[in-house]
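Going by the order they are written in, the chains are A, B and C; count residues from 1 in each one.
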Amino acid sequence: MVETPRRKRTFRRPSVIPGFGLSFGYTLTCLGLVVLLPLAGLVAKASGLGLSGIWYVATDPRVASALKLSFGVSAVAALTASVFGFLVAWVLTRYRFPGRKIVDAAVDLPFALPTAVAGIALAALYAPDGLLGAPLARLGIQAAYTPVGIFIAMVFIGLPFAVRTVQPLIAEIDKEIEEASATLGATRLGTLTRVVLPPLIPAVLTGFALAFARGVGEYGSIIFIAGNLPYVSEIAPLLIVIKLSEFDYGGAAAIATIMLGISFLTLLAINLIQAWSRRRFGYV
Amino acid sequence: MRTAAPTDRPSTAIRVENVSKTFDTAAVLHDLSIDVRAGELLGLLGPSGSGKTTLLRIIAGLDAPDRGRILFGDDDATGLAVQERAVGFVFQHYALFKHMSVADNIAYGLNARRRAERPAKPEIKRRVGDLLDLIRLSGFGDRFPSQLSGGQRQRVALARALAVEPRVLLLDEPFGALDAQVRKDLRRWLREIHDRTGQTTIFVTHDQDEALELSDRVAVLDRGRLEQVGTPDEVQEHPASATVMKFLGDHVEVEALAEGGRVLVRGRETPVAAPAGIIGPVKLYVRPWQLQLAEFEAAHLSGTVRSSYRSQGRQRIEVVDTEGRVLAVEDFDGIRHPAGHPVGLRINGGHVFG
Amino acid sequence: MSEIFSPTVAPATRAEPVASEGAGTRLVLIGIAITFLALFLVLPLLAVFTQALSKGLDAFLAAFREPDAWSAIRLTLTVAAIAVPFNVVFGLAASWAIAKFEFPGKSLLITLIDLPFSVSPVVSGLIYVLLFGSQGLFGTWLMDHGFQVLFALPGIVLATVFVTFPFVARELIPLMQEQGSAEEEAALTLGASGLHAFRTVTLPNIRWGLLYSVLLCNARAMGEFGAVSVVSGHIRGLTNTIPLHVEILYNEYNFVAAFAVASLLAVLALITLVLKSFLEWRFAGDLAHGRAH
């Protein structure tokens, strides 16, 4: 009776399919060189400043107002995008009307359109003499070169996130649930608010978080319509660019770290929402 | 397709020697050994989790054993890569190449060979045509898997495996995903193909009817161990263990006593002989056809009739015995037994395991 | 007798399906949704073309007679021609490793691959400045050896690769996971080598997902602005991609030219959208789940 030696526990489950070493090694190498190394460089630079250094930069009045502006307007814009995005997703999924497929494809426009192109287009539209800027000016609202313009641009880029995160869930709603609610005596509005909407909340929140994170970091779509006046309409990413041009690498790194920190927290929040949703509803 | 002459190959085509396999922390195969004879149709039968698919994959080279060897004839094949083993594997869900036509699927193994070993194009075409005839799908060569029914896909999967003239054909629950009538037809067809080609074949199933109907020999596996291997008759009539008994057909467990070489139930002797050296309380396993309605004076068990119906020429009577168990009895006497009627049951045979 | 059992009954009025809003409500909601989309999405797109042609066709074409415009186009194409294939190879390698094998830390790996998506474009450029800028980690080493990364092609390529890094992988990974390994195993049992199986079985199965992700990757690579802006140095005729060239024209108040060049990218965006929708409609089964709508 011959006994072959017991196999050791290996990193991966042994399988007959070849190529693991090569593909995994190449993946890690690229990931390390392209993504992790540069990001580590940023973390290194920022930790060189120390928490106190970062705090010092963050509390600089100009930086503080830029951060407040970026986060504040982005939150409001993401909220708007979430609300209207939900509506759009609902209409696209549940109703039939001519041109529905085209409208559906159009939702991805902000994904596909380069940010600079969107930026100058929005600036042209909402400039005081622009197609939409003029009527707004008559109403006393100046859109371009103010935080209002920033808001509009952020809604533009946040919309696809708000729509696409919630759309598949709306598509999967079981009509029988709604019918059951109706047979039990609920009005249409009651059914919507108490039966249909609650399971969609996690997806709406996820869409909000994604739109928010994207808005905070966005550059090209915003700087043309923003006005870029320090303390008034200057977004945080622009401030990073300015600091770089002044060779203030440390300041730029500090602001970037703060923004990355917020992105990370947002990602964490999304994951927590999804984990909670899985526990509560059994799906994401 | 040639039929194998008996002197062509060694009589043992494949030997599995003391194979053990553990997945994560669960032991799936325990020191399992079995010989597969050349030209036989061997059924690996067992409940889910018995390790039969794992064993099949180890023979194919799709998984590696933690301990033990696989021999093809006299050669140790344990270290051979799957491509070098020349096994034909038919997957449970066919694994047809969905973007290739039926003909390309069947020809795949031949086309994948190195140039030196690859047959010429006309030769490949001819072989594909022959195989399509064999599986009775002539003319389907240009169709795609998505255009075929489940049964047709399974046949194509078989043809694809046969095209490379494998030393052994391995089928993993080949008919599991098909509905009952298709399954029956394909079973019969597989047996015909086997008889025609003489191909050594191992197939995995959890369906005992399938195993018993198709196999030259049946290997019963349970929880990673080989319980018994033998002809369908052998495993049914002379089960080697309680597990085999329980897995192959209805049965009843009766508390009994082994005494003086005989087995007694409720003090009355049964025709069952106790295995050598066994004395004391034992479990007696009885098949439905080994129970007979009898007068109370000659009965081993008693109970009341619960229901009775005719099925395929036989009277099938359900009796609730004094322990509350429902026993199924088959009777030919044609007498209708009304529900609630008290009856006695006589045990005419059974098995006791050591 | 039959009269009792078949009285004439007036046909029932078509009731609204229970699980839907009334027709009037629906119309209003559709109207609001479409108006919103038209306002926020369609108008900006139209604005690009109307502005580009606002001074007539001649002025539009004049923008393309500028040599700087053509160097921008050439540079953009070059960068895309390097960045997209690189990310395709990476995507194939990553999805092969992740989809066909079991190992610990998979979700961490996938999260790391997705990182560039959650990084602001400006930060994506910043990290390379921190590495290769004159005050960066490798700055002095580069200067001593005469290599130029920033304000030159390598820097632009790096930044573009970074922002488009996850595109191909995040399409192929779920796609290959859905497809499983059974077909590859079957190919191996039939005698195919690993490479042969990859070529003849895996690639054909993922070809539409691959095309789809290449489409998106390319659109982003050509249109990237923030990251490239930080690393490029904006040297006219040398290190300006099309989006940067648009910015320069716009800042010089050369609006027609800016929009004219921008319209190139807008057309690219439209083509991308059309092809993307076509693939989602026609090959929904061959794309990662959740694409079709």
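Basically, a residue touches a chain if its C-beta (ideal position, glycine included) is under 8 Å from a C-beta of that chain, and two chains touch if they have at least 3 such contacts.
Given the structure is predicted, the values throughout are model-derived calculations rather than measurements.
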item	value
Farthest-lying chain, centroid of Cα atoms versus that of chain B	A
Chain with minimal offset from the mean of all protein Cα atoms	C
Of B-C and A-B, pair with higher C-beta contact tally	B-C
Geometric centre distance via CA averages, chain C-chain A, whole Å	15
Where chain A and chain B are represented by their mean Cα positions, the distance between them in whole Å	56
Mean-CA-position distance for chain C and chain B (Å)	53
Two or more partner chains touched - positions in chain A	15-16
Residues of chain C touching at least two other chains	185, 188, 193
Multi-chain contact sites of chain B, meaning residues that touch two or more partners	61-62, 82
List of chain A residues in touch with chain C within their complex	11-13, 15-20, 22-24, 26-27, 30-31, 34-39, 41-42, 44-45, 84, 87-88, 90-95, 97, 101, 103-125, 130-132, 152, 155-156, 159, 167-168, 171, 175, 178-179, 182-183, 188, 191, 213, 216-220, 224, 237-238, 240-241, 244, 247, 249, 252-253, 256, 259-260, 263-264, 266-267
Residues of chain C touching chain B in the complex	182-183, 185-193, 196, 200-201, 204-205
List of chain B residues in touch with chain A within their complex	17-18, 61-69, 78, 81-82
Interfacial residue positions of chain A with respect to chain B in the complex	1-4, 6-7, 14-16
Parts of chain B lying in touch with chain C, wherever the complex brings them together	60-62, 82-83, 85-89, 91, 93, 95-100, 108-109, 112-113, 160-161, 163-164
